[in-house]
Amino acid sequence: MTLPRLSPLVVEEAVSRALREDFGDAGDITTEATIPADATSMAMIAARKSGAIAGVDLACAAFRLVDPAINVAIEKGDGARVENGDVVLSLKGPSRGILSAERVALNFLGHLSGIATATTALVSAVKGTNSKISCTRKTTPGLRVFEKHAVRCGGGHNHRFGLYDAVMIKDNHIAAAGGIAKALHAARSATGHMVKIEIEVDDLTQLEEALGASADVILLDNMSVDDLKKAVALNNGRAILEASGNVTIDTVRAIAETGVDVISSGWITHSAPSLDLGLDFK
Amino acid sequence: MTLPRLSPLVVEEAVSRALREDFGDAGDITTEATIPADATSMAMIAARKSGAIAGVDLACAAFRLVDPAINVAIEKGDGARVENGDVVLSLKGPSRGILSAERVALNFLGHLSGIATATTALVSAVKGTNSKISCTRKTTPGLRVFEKHAVRCGGGHNHRFGLYDAVMIKDNHIAAAGGIAKALHAARSATGHMVKIEIEVDDLTQLEEALGASADVILLDNMSVDDLKKAVALNNGRAILEASGNVTIDTVRAIAETGVDVISSGWITHSAPSLDLGLDFK
Amino acid sequence: MTLPRLSPLVVEEAVSRALREDFGDAGDITTEATIPADATSMAMIAARKSGAIAGVDLACAAFRLVDPAINVAIEKGDGARVENGDVVLSLKGPSRGILSAERVALNFLGHLSGIATATTALVSAVKGTNSKISCTRKTTPGLRVFEKHAVRCGGGHNHRFGLYDAVMIKDNHIAAAGGIAKALHAARSATGHMVKIEIEVDDLTQLEEALGASADVILLDNMSVDDLKKAVALNNGRAILEASGNVTIDTVRAIAETGVDVISSGWITHSAPSLDLGLDFK
Amino acid sequence: MTLPRLSPLVVEEAVSRALREDFGDAGDITTEATIPADATSMAMIAARKSGAIAGVDLACAAFRLVDPAINVAIEKGDGARVENGDVVLSLKGPSRGILSAERVALNFLGHLSGIATATTALVSAVKGTNSKISCTRKTTPGLRVFEKHAVRCGGGHNHRFGLYDAVMIKDNHIAAAGGIAKALHAARSATGHMVKIEIEVDDLTQLEEALGASADVILLDNMSVDDLKKAVALNNGRAILEASGNVTIDTVRAIAETGVDVISSGWITHSAPSLDLGLDFK
Amino acid sequence: MTLPRLSPLVVEEAVSRALREDFGDAGDITTEATIPADATSMAMIAARKSGAIAGVDLACAAFRLVDPAINVAIEKGDGARVENGDVVLSLKGPSRGILSAERVALNFLGHLSGIATATTALVSAVKGTNSKISCTRKTTPGLRVFEKHAVRCGGGHNHRFGLYDAVMIKDNHIAAAGGIAKALHAARSATGHMVKIEIEVDDLTQLEEALGASADVILLDNMSVDDLKKAVALNNGRAILEASGNVTIDTVRAIAETGVDVISSGWITHSAPSLDLGLDFK
Amino acid sequence: MTLPRLSPLVVEEAVSRALREDFGDAGDITTEATIPADATSMAMIAARKSGAIAGVDLACAAFRLVDPAINVAIEKGDGARVENGDVVLSLKGPSRGILSAERVALNFLGHLSGIATATTALVSAVKGTNSKISCTRKTTPGLRVFEKHAVRCGGGHNHRFGLYDAVMIKDNHIAAAGGIAKALHAARSATGHMVKIEIEVDDLTQLEEALGASADVILLDNMSVDDLKKAVALNNGRAILEASGNVTIDTVRAIAETGVDVISSGWITHSAPSLDLGLDFK
């Protein structure tokens, strides 16, 4: 699978903001006071736990934006699997810049690699089935594009990026529109031909109605494994079927074996613990 | 303890950015297509797990910025403890706005309440000792001020906010400056009289040197409980002592009982799972 | 057809920028010098040619952001058809604010109504066929979301909003990927299940290859009317077919009668003349 | 005539915004999926119609900001006249970057060259007279500085850039100020000695009053060719005379032959069709 | 003389930035900790020295942006003359907001009133002559529009606002262009008919050349009072004459009595001491 | 004493904004019209008065951001003392860029060097005592970090940077909190262990109360020299003592000789006259 890069435009914007947050107006007053301006160092960022890497471009940008004289070599790129001790980045250059950028680089890398690592757990659990693991919009405000990227680094797939790029019709939309068929028709007529339309259903009756109204994707919300199996049979390849609700490392395999196309999880983005990484000077 | 408010200036800035991230250019195409412009609803955000609340101002701002006609009543404010089912916010107003703002509001509230909840666990564990639980700079890029606030909502205290507002001298600074005393002297002469200076030490010998050079705060890094006890005795009330490293819900009580003033944890900000909250229409 | 509203977030951002462009630092030096601060007026914006209206929210925002005391009543909303003399907005309030905001309001309204008007011409020409008129990404930099909205106001439909929300595989992508099937497969595996995939083909052989590889949408580029008819027959309802190239008011009917689903035109956004509107004081 | 450059500060700002509009958060998902990261290409942007070029700096910036490794050679600079087939820019470098930046580059170049081309038509029509062709403030919101530049590329001259850099007294200002002389006096006393003052008049009586009150520039609004001639005679070189209203390619020559100094046209900025340009890979 | 208002757009932008600078991320930690949220106060900003007021809109915006519940009454508006003890603003509302906004409000008001006060000194000194006192571009970066406004509040006039709104040809421009006449001709042909052109001359020979080439305004740089008199005679009302260099409170009267139209001073903006103002609670 | 550098992040932000202010949209219309694009020059910025230099990084950034081809050599860095005629910066490169950036560079350099110079006067006056000269928050809005830096360049020390990085309890805070001890306790419990707490006292009774409640720093406001001496004796090294009020070049020595640790002055930032510097072409 090809892993699309993060656009440099969003990387620079986010890293600049994070550096401003950490530097404030006065900057790194500790480093300026204690480290000579001409000191240089070699250092490395290494994993202290096993996991999957995501966010290398953001970490590189942190060092580059603080001091372009810092040379950064990528030893483990986005998507790589690492063990405790594996070096991710090798650094060489002005000591001040390396120390001042360290925390922002590690905060991005640890947070996103944590998400990638959590994703790999679910992806491994469904190996051999046809189900893809997908994220949701339950992301950390301001970091969605990076968290979606981290999901891909962990072998997962992306759901829509926001309210703007695809239609997702939920229970309240259905109720207000006057039913599943009317809601789907309203969405179809208000959006262009390049927009996919998904609708959430709670049971097999609703599923039939959605299939009759030509939904592109159907979200099977909180259904039992038995019902998921029936839904797959009923669908017979017409729409893409997505299962969500109660997805954990323990339940995901059984859900996948029902034959659904996609299993989505909010947990991999909103609750994945940070991957432990550290910067060491040589 | 007084709980300082978040400045409205930073709240509006962060929520606007999060809304732009979720709305993109095209906006909430699902809601615009399916919900009549004049529909109104009553809804509520409620906890689905027990925990501590943080981020209510951000959730309110999300609804207000999407549509000022949405009336939001705060049922459980920042710092409140909640059980499954407790209502946090009551909402009344245009259905479109409530649905369009829902995810941004929940993403802030779940993320920050997760941090507050994790903090309460450590704070409860040290109850009755003199140790305060403190955060670090290991925060999510772009959200530090809110995560620091969430730590306070959970009963914790804040470490410095960035590189700019206090001095923290670590091993590499000490090495470059030529020793503990020289590093402390360099920091003292380069900063103003309103800046506190902390230095990290690894053992009791370094602690003595730091005390001799009048550090305001001393970080005891990864010391054993035995050494922490000796450090407290040696310090005899001169500097503020902070313990860090290997702080978990299982170890924190023993660390606190050594008599250190502050125990800092990166885990409460970088790895706390989101608190489960949901929005329900009435 | 429902006409989705512009998100207030993007409206305010664009109008603020336009006002800053027109006001510079010194502001409206003419009005400040010649109009008393307490003078009030009634005025109206009226059409001086027939056409379709788009951009009313932007015009209203211009007056409101310059002076919230200006009362603006919408007489003809987005999507309305107007004749010479029809009043679009009625204004009442401080004379200074009305005069200072006038040009920005008219520039938005004239530009977008021009696009809506151009769209209606093509839409009328294909009336009774099953073809929809669609825009492209050939828009004015910085105004795409508004121009796409104007196309909808004129009865047209929207193509993708940018590089980010749908896949469009063109000749160079096909060549680099090693052929139509390989390009489609690469796109499918790199994007999520909510992303539609379109591919551009030049002839019927390519069309067959694209259909075999399950493209969602196929762009028939610069094909003759005869070939378009054959393409429709070959497709037999499998993919959405979009015709582009040489679309003018004279050719569009014949293209539509081939049975293609969508006809896209860059001209309606990049070359539509402004609709003539003026502000008159009563 | 010297052609002042666009300030790099405004170029970078506008192009960054346009790229963010086209890239969104997710970037060019088609190109990332189908083009290998190390592929390089040679390409060129060429005219497909004859016209005048404007906006080359913006097009170059689009490629440079997407990937600094793209080498761009300017074959036809701003102000150049081109025929169908003439190469404007030669490109060499990473294929991904060239494809991703293509649309933004072409949208700027086509829009601005369209304005330059429209301007040349009016400029040619008045050749041999003493009248200059000037633009107005009827420009596309957010792009005024570039459109004013495009007018200069087409041989035209610029009117004021906004409300802030010169005084333009219109009928409503005159009415509120209590007459032409009072309005001119008010403007003179409220502005500094580096500000030019123009006033709009409808007939020869008003013209005499404006001349008596020492206007720097007088706008003769919608006057007949006969009246324009009389105005020129009456003025006798005292003020700069500007004619506006009903300026078309058919009427402009007769207006110019009346001897007015400046003829201003909103059409060249608000309604000029885009110049057809395309990018071709070699 | 009419005193044009500051555009609300620039006021809000500048005050927001200043508040963010003072609040940082954490906000007013002193006030949040010590003042109850529901405490209200009455307070006033009063002059502690005599002078002229400027910047009242900025001070009001500081209070409003921190807390819209603060009621601010303007007792002395921009341009008013005050004595020690005179109340400028009366405040009533939440104590927290008043205290948190105090410093930003006073910093704007003191700085700009200092400039207005310095200007009045020069304006008074030339009273009865025909010379106007003008500012320059020697202003504090980021505050120019407000400092130019303060000059007007003190009875002075404004020179150009930047490099963009008028031409000022200095010695290096003349040398590069090949002489005074050539420089003036180059500027005339490169700029529109709404742009004034000033040229700097050092002696009467250069003055004659500039007059021959129809400069709008001529800067007489560092000339003796005798030469200024000769320049006025030579000019005979043709161009506007501006004297600059060695302008102090002691020299300005003699310069004015030579009959020059404008006397410009950098000192009033770059070196005026702040006017002493304080906020007192009742 | 080490002189911490300004963070490049804040330098670039401030200089970009200043350049945009001076360039507006149209740029340097004089230089573009009169100076050939390929002309190069050598020039220098030199002092025309004696003083202390601050702001060199901002001046360099102004030239670099306008044209990276300008080579700037720093002859006198921040903190250097200069005499009339001393060269501060040597410049070589495109004439256009040097002329266009000149005013922004000089405005920063003159303003900040003026503050550094004013600071040196107070610092010299207290030479040999133990008192440090400190600034306040009475700074120019938007420029505080640079003015604080200029104070350090003049040999002074910095007070807190804003409301956010240290506590300063004044009379109104004390009154609202219910007394000195209560206010100090409230501040201590609401802030973290890295925050210093200062309290303002008016007399020796209050001083004793503040010492009893363990204030870190005590501001002795407007006390007589006699009372300051008593305060120093009473304090006996416990808190840091800061004197403020009526600090002038004439009074500062006597204040310093009382033994206070810090003397703070608003005058050095809000009222220091600009240092006279000029740019000359060779």
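Should a chain be cited, it is by its letter among A, B, C, D, E and F, assigned in written order, with residues numbered from 1 in that chain.
Throughout what follows, contacts are C-beta pairs under 8 Å (C-beta built on N, C-alpha and C of every residue); 3 or more make two chains touch, one makes a residue touch a chain.
Please read all numbers here as calculations on a predicted model, not as lab measurements.
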item: Remotest chain, chain D as reference, centres from CA atoms; value: B
item: For chain D paired with chain F, centre-to-centre distance based on mean C-alpha positions, whole Å; value: 45
item: Intercentroid distance (Cα basis), chain D paired with chain B, Å; value: 52
item: Distance between the centres, which are taken as Cα means, of chain C and chain A, whole angstrom; value: 32
item: Chain D, residues touching no fewer than two other chains; value: 2, 4, 21, 23-29, 32-33, 144-145, 161-162, 164-165, 186, 189-191, 195
item: Graph class of chain-chain contacts, one of line, ring, star, complete, other; value: complete
item: Sites on chain D touched by chain A in the complex; value: 16, 19-20, 23-29, 32-33, 37, 65-66
item: Chain A-touching residues of chain C, taken from the complex the two chains share; value: 1-4, 132, 134, 157-161, 164-166, 186, 189-196, 198, 217, 240, 242, 261-262
item: Contact set on chain C toward chain D in their complex; value: 14-15, 17-18, 21-36, 39, 41, 95, 99-100, 103-104, 106-108, 110-111, 114, 137-145, 161-165, 167-170, 172-174, 176-177, 183, 186-187, 189-191, 195, 266-267, 270-271, 273-274, 281
item: Parts of chain A lying in touch with chain D, wherever the complex brings them together; value: 2, 4-10, 144-145, 148, 161-162, 165
item: Partner chain F, residues of chain C touching it in the complex; value: 21, 24-25
